[in-house]
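Naming follows writing order (A, B, C and D), and every chain is counted from residue 1.
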Amino acid sequence: MSTFGSHFRVTTYGESHCRSVGCIIDGCPPGMLLTEADIQPQMTRRRPGQSAITTPRNEADLVEIQSGTEFGITLGTPIGLRVLNKDQRPKDYGNKTMDLYPRPSHADFTYLEKYGVKASSGGGRSSARETIGRVAAGAIAEKYLRTAYNIEIVAFTSSIGSISLFPPSTTPSTNPAFLNLLDTISREAVDSFVPVRCPDHSINDAMEKLVGEYRDRDDSIGGTVTCVIRNVPTGLGEPCFDKLEAKLAHAMLSIPATKAFEIGSGFEGCKMPGSVHNDPFTAAEAVSTVGTDGQQEAAPNPFAPKKPRLVTKTNNSGGVQGGISNGAHIYFTVGFKPPATIGQAQATADYDAMDGILEAKGRHDPCVVPRAIPIVEAMASLVIMDAVCAQRGREAMRALLPNLVKDGEQLTR
Amino acid sequence: MSTFGSHFRVTTYGESHCRSVGCIIDGCPPGMLLTEADIQPQMTRRRPGQSAITTPRNEADLVEIQSGTEFGITLGTPIGLRVLNKDQRPKDYGNKTMDLYPRPSHADFTYLEKYGVKASSGGGRSSARETIGRVAAGAIAEKYLRTAYNIEIVAFTSSIGSISLFPPSTTPSTNPAFLNLLDTISREAVDSFVPVRCPDHSINDAMEKLVGEYRDRDDSIGGTVTCVIRNVPTGLGEPCFDKLEAKLAHAMLSIPATKAFEIGSGFEGCKMPGSVHNDPFTAAEAVSTVGTDGQQEAAPNPFAPKKPRLVTKTNNSGGVQGGISNGAHIYFTVGFKPPATIGQAQATADYDAMDGILEAKGRHDPCVVPRAIPIVEAMASLVIMDAVCAQRGREAMRALLPNLVKDGEQLTR
Amino acid sequence: MSTFGSHFRVTTYGESHCRSVGCIIDGCPPGMLLTEADIQPQMTRRRPGQSAITTPRNEADLVEIQSGTEFGITLGTPIGLRVLNKDQRPKDYGNKTMDLYPRPSHADFTYLEKYGVKASSGGGRSSARETIGRVAAGAIAEKYLRTAYNIEIVAFTSSIGSISLFPPSTTPSTNPAFLNLLDTISREAVDSFVPVRCPDHSINDAMEKLVGEYRDRDDSIGGTVTCVIRNVPTGLGEPCFDKLEAKLAHAMLSIPATKAFEIGSGFEGCKMPGSVHNDPFTAAEAVSTVGTDGQQEAAPNPFAPKKPRLVTKTNNSGGVQGGISNGAHIYFTVGFKPPATIGQAQATADYDAMDGILEAKGRHDPCVVPRAIPIVEAMASLVIMDAVCAQRGREAMRALLPNLVKDGEQLTR
Amino acid sequence: MSTFGSHFRVTTYGESHCRSVGCIIDGCPPGMLLTEADIQPQMTRRRPGQSAITTPRNEADLVEIQSGTEFGITLGTPIGLRVLNKDQRPKDYGNKTMDLYPRPSHADFTYLEKYGVKASSGGGRSSARETIGRVAAGAIAEKYLRTAYNIEIVAFTSSIGSISLFPPSTTPSTNPAFLNLLDTISREAVDSFVPVRCPDHSINDAMEKLVGEYRDRDDSIGGTVTCVIRNVPTGLGEPCFDKLEAKLAHAMLSIPATKAFEIGSGFEGCKMPGSVHNDPFTAAEAVSTVGTDGQQEAAPNPFAPKKPRLVTKTNNSGGVQGGISNGAHIYFTVGFKPPATIGQAQATADYDAMDGILEAKGRHDPCVVPRAIPIVEAMASLVIMDAVCAQRGREAMRALLPNLVKDGEQLTR
């Protein structure tokens, strides 16, 4: 399906060479300030052509709001978004060789098997352009989350090939440097580490050099993106199938080229004893859950969950316990494979099952990780926004029922 | 939500101490032989109390079909399934200490934050008993997949703590021993490796010893489960948000105690160059996609997808490209954290935010990995079954349209 | 599908001759007092065998809660409900004739066409027993609506055959006697009009006599049920496809044997000029939207919509304008056809397309209208409950955003 | 929600005064010939300004396909459709009076109650322009249904005010003239009855005169539309909540200004005895279920249901029994109220609850019935298409299972 979310529902359309790409967002709260200027920055952050190591196509990707707002205020009705495709007809893809061969590890073959129609762009919806609608919708979700809860979502490059921001032998969830980064990292900071967006100057430079080497060899390389979500209210995530980590994993593995997901302590945590892995509780300090976006000051918040009295001393859980947010930072890492389209000659078979050599023409991205960052943030926004809608609805229904008390004990609260 | 799947829809109910647990399956194909005997084996495989290293509660977990079949044949109507709870009232959980403290890294705190009701079983739906409905439904899905496609789904323990079936320094997707295991492993073989279900005698024994040590220390330990799905038809998985790996990740991360998921080459693959990681194509040998379950011989299959003419020489993709199955084995690994409930004293805070010491009474599972195996298989079945329904529906609609030909070239097939 | 609702989701299972019938309710608010005693009364009201003119089978239909409550309080988790089938094997249906013939206007033929499996109960899920799950779920929805909003839902028989409660030549929406009935009718009053549940003694008696005549001729007769929903908050109903009247129509036409639905002025209103049909506004009197069910006093209601300042002087709209509730009584009428199963001989064809005579054995309901009343109420409850969930969620999200003011004018409120 | 359908999913966006209106269609079968020329005719049929009795605004309503096709063939991916709004800013609606008053029986008041935002177009999504997306999507569904099954969907005006095509005292389902019309009426014929689209010259003329009288009085009038669907395969409709008539009722009551729905014998049938109302079976004549649209010849159809051996002698059921299509014509009637926006002065209250007089400026449609015809057809197409997808999927899954035989009797077929 091309729809994501149950309450804040995003439906996307479009492939590489059609008239436009875009989406419809159904379920956006009414009464929120919203113009294209709220959406464009993330569109621009995902745009190719930003450095020597990303695809040098120049795509402007200007988003147009079609509906759902008036005088810059959301109406609560569906918001249509559209971005024109500049290259509405194939160019580089037109060469004879690429028409004859399904690209290895690309979606050309599986799309043909699935749909029975050979499209000029190969695996049409597996294209990076499909992610434009996600990023645009994510920017709207994020604006709400920031305004209402001061939620902050920041992703950064945590590894390229074998170069890691933190030594892989350490368990991130018990590494103070990693935990400090989660507390403090901002998008502005991430973007200052051009071009790889890895928040350490020397590692960022080493990564740039590594990607350049793969580019020069007409090869490609993968890596990982880590994302933190701060100021999440407690109670998000729907048992039992829609646990918050399950929805995050779903969202992340729906991004093109992803292969892996881990939350909190992740695979490393599976090697730890429970006595060390468990996150014990302690009393919470007072914090505000009310946000602002600079334009629109948050309302006094009758619906805000009461601040939990408990927080955890450690955060191996990654902010989620039993599939439900506990108020701590949510953080997770997503693995991206090396891009399948490479310039090197590949010994493979053509559509007629004859062995041959495919040499892909055109300029290809040697590494998707830096550009994937706003996409990871967008998908995280959509998951959190949908979970907030579900839980706010529950709380609002619950609030119409009295608290029950029996023998002096409060049974419901 | 407690519903999984769009076409083969499973809705579960029940927690630890209510009258029963169970589910409704809506969308099961009519005309399939089905009795409790098809479901019970997987129920029994997930049952606790099977060895010294799992919870010694003796729960029979007998499943009863309520509806949807007549004379042992599915009607196509909803199938109700029910398993009685033997312990319909709390026992070990009744002690005063556990009432006062939310267990660290358990769901007690987050459930209270979410629902505002303190249940005697703590995080009710995060209980292992909730998985009974999944396993029962999975057994039905699996019967269909086996009958119609000869699909085989086998999971096994691939690590406990730091003990791995294959050295972690090797990349599984390029390890011949691992790939051979994927080709050949059966459930019978897995179950012969008592009690850990790791298919290597010496490693299995070392794992048993390790788990026993954690049990003796009132501690717990995590591990990983690897699962392979064989004989998958091409074309499964729905762009763009419901890519097959996205649904698998969603399904797996919805299992209690999971923290991580990787498909195919996984995180290791993110370190590989594209020139090595890509899976080139070659001509396929003839294989049958028609199955049998021994009872019911498969029909001549007018709907079976034409056998693809291409297969991949390697399988770093894990059987999925562009979110769509390519006919190769699908394989993935799921990480399980150490169980949160441990007998050791834990310095934590009670519900009133006062520091104190929690000592959990009762007998607890020191490692969930061996018992998780049929749950992983069940969730994999549900994902594949739902994807098969979607794609068979598409093919059936497509088949009513003529193939289009232009200038001698076949445009659709 | 066997699921109704997006937020308060009811999934039912079961046919006439299986082990049990029942449902799972997912999305019930936590913290509500709930026991079987809240559900049983409506179960009993729909039970057959209550008078000489309904099916004389004696079915106890005792409902058992399986899950989702503890100590009589809802947990917010799925509520499983089950009612045993007493007749788990066909009896009257066993005769040879009925096995050979699809009953005219019954679902025997269409179920066989749809599923390809011949069930002993013919159109299994078209059975009246399928409605048990709906009525049980509706009773839970209704308890919430009554507690939180004092919403009252009352249905009654408005016609049997050609005998109408109000002369058909009058337009009900402009008939003061009809409008007064909508204001005042209660379930207790309806049930006092035994056995037809038409709230006028002489008409009720005439209807009883008419149904008896059809019964004595082994024939059957149809009729209509009118339903009113009082104290509905404004703002319910989701544009554009899930308008409140669209969901009500969907719900009502999903009840077995229904053929027609009209809301407000209905078909008669289509003959009226707009100048007469329009419902002009006037200032509202103060009314409370906070309810009670006698057990549980409603909480002070921070989420309650501000009482609308406007009400309509007339109510041709039936409480819905633009698909959204306006606070006036919602009322609608549902048409039920004469039951298809009759004792008279019918000239028809058997499954092999051979002409012949079908004589149905057994005792059959000559008119479903009186028993349909609690089913109509249940489905109305489910529609309103789901709409309340959607709108409360929207309001709760909206409430986190500040009211916007420009040039002294309040743009959002 | 702004999404309709589970398999062929249509999501619409847009209101009167935004940049564009449109929709995304997800789930269209791949490999179908499709260009704007397939969609435009129905767009043009719903366009206002076609005669003296409809709104004289001149809106071109040219549809543009954004995605999902290549070289005029559907790819199976989402189809984006867009129609520009010519009047992107309010004009007639700008007068001071209309800003102050919620129009009686219009959606101005309820939209404000629901969303808390006062939009310049009043009830934005209740606008007739919202139906553009439905009509465009319906044209695509219809093309598939015509190509694959030769399904024909034709709606016509059956009454305006008190003028009926057939005398209201007759029961249509037993009126030979009515039944003959259902067999034979075509869209071309309907459109030849300008301007009211009632297929009887003298009645059409009388209706035109009547509408003109209401127009001249600045008043409005309602009426009914009857629709027939021919060549429907058996087995469509999903028990128990998504019976085919339930989905049709839902679809029709989601069209602006509708108040009532009846299928087959409808309300009149509720007065008939079962012995007369029942539709007995007889052997079927051979008919082809394979269609063509003139461009694309239908494929030999391995998925087509075997032609049923039984048909009904009468059709009081309206083609649906037990919620499932039986192969007979489906026909139903929809009631449209008089348009709420009238030029006459109305005594009502303003938003501040002060009594006053509203005089609406601008030119308004005195009767929506003639223009509603393509909208009714479109919604019928969407319902049937979605039901076809569900049932073809079931059949395709079922076909992979063998037919079961016991003691020589075929248990499944």
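Everything that follows uses one rule, which is that a contact is a pair of C-beta atoms (placed from the backbone, for glycine too) under 8 Å apart; a residue touches a chain by one contact, two chains touch by 3 or more.
No experiment lies behind these values; they were computed from the predicted model shown.
S.K.: Any idea whether B-D or A-B has more C-beta pairs in contact?
M.R.: Pair with the higher count of C-beta contacts: A-B.
S.K.: Measuring centre to centre with C-alpha atoms, which chain is farthest from chain B?
M.R.: Chain centre farthest from chain B's centre: D.
S.K.: Provide the C-alpha centroid distance between chain B and chain C, rounded to the nearest whole angstrom.
M.R.: Chain centres of chain B and chain C, defined by C-alpha means, are spaced 39 Å apart.
S.K.: Rounded to the nearest whole Å, what is the centre-to-centre distance of chain B and chain D, using the mean of the C-alpha atoms as each centre?
M.R.: Roughly 43 Å separates the two chain centres.
S.K.: Please work out the Cα centroid separation of chain A and chain B, and write it as a whole number of Å.
M.R.: 25
S.K.: Using the touch definition from the top, which residues of chain B touch two or more other chains?
M.R.: 1-3, 6, 12, 30-31, 73, 76-77, 114-117, 125, 239, 394, 398, 411-412 - these are the residues of chain B that touch more than one other chain.
S.K.: Inside the complex, what are the residues of chain D that reach chain C?
M.R.: My answer: residues 1-4, 6, 12, 102, 104-107, 109-118, 123, 125-126, 130, 159, 161-162, 214, 217, 219-224, 234-235, 237-243, 245-254, 256, 258-267, 269-275, 277-284, 305, 308-310, 312, 316-318, 320-327, 335-340, 342, 344, 346-349, 351-355, 391, 394, 398, 411-413.
S.K.: In the complex of these two chains, what residues of chain D are touching chain B?
M.R.: 6-7, 29-33, 71, 73, 76-77, 144, 147-149, 239, 296-299, 301-304, 388-390, 392-404, 406, 411-412
S.K.: In the complex of these two chains, what residues of chain D are touching chain A?
M.R.: 1-3, 9, 11-15, 17-24, 26, 30-31, 64-70, 73-80, 82, 114-117, 119-120, 124-125
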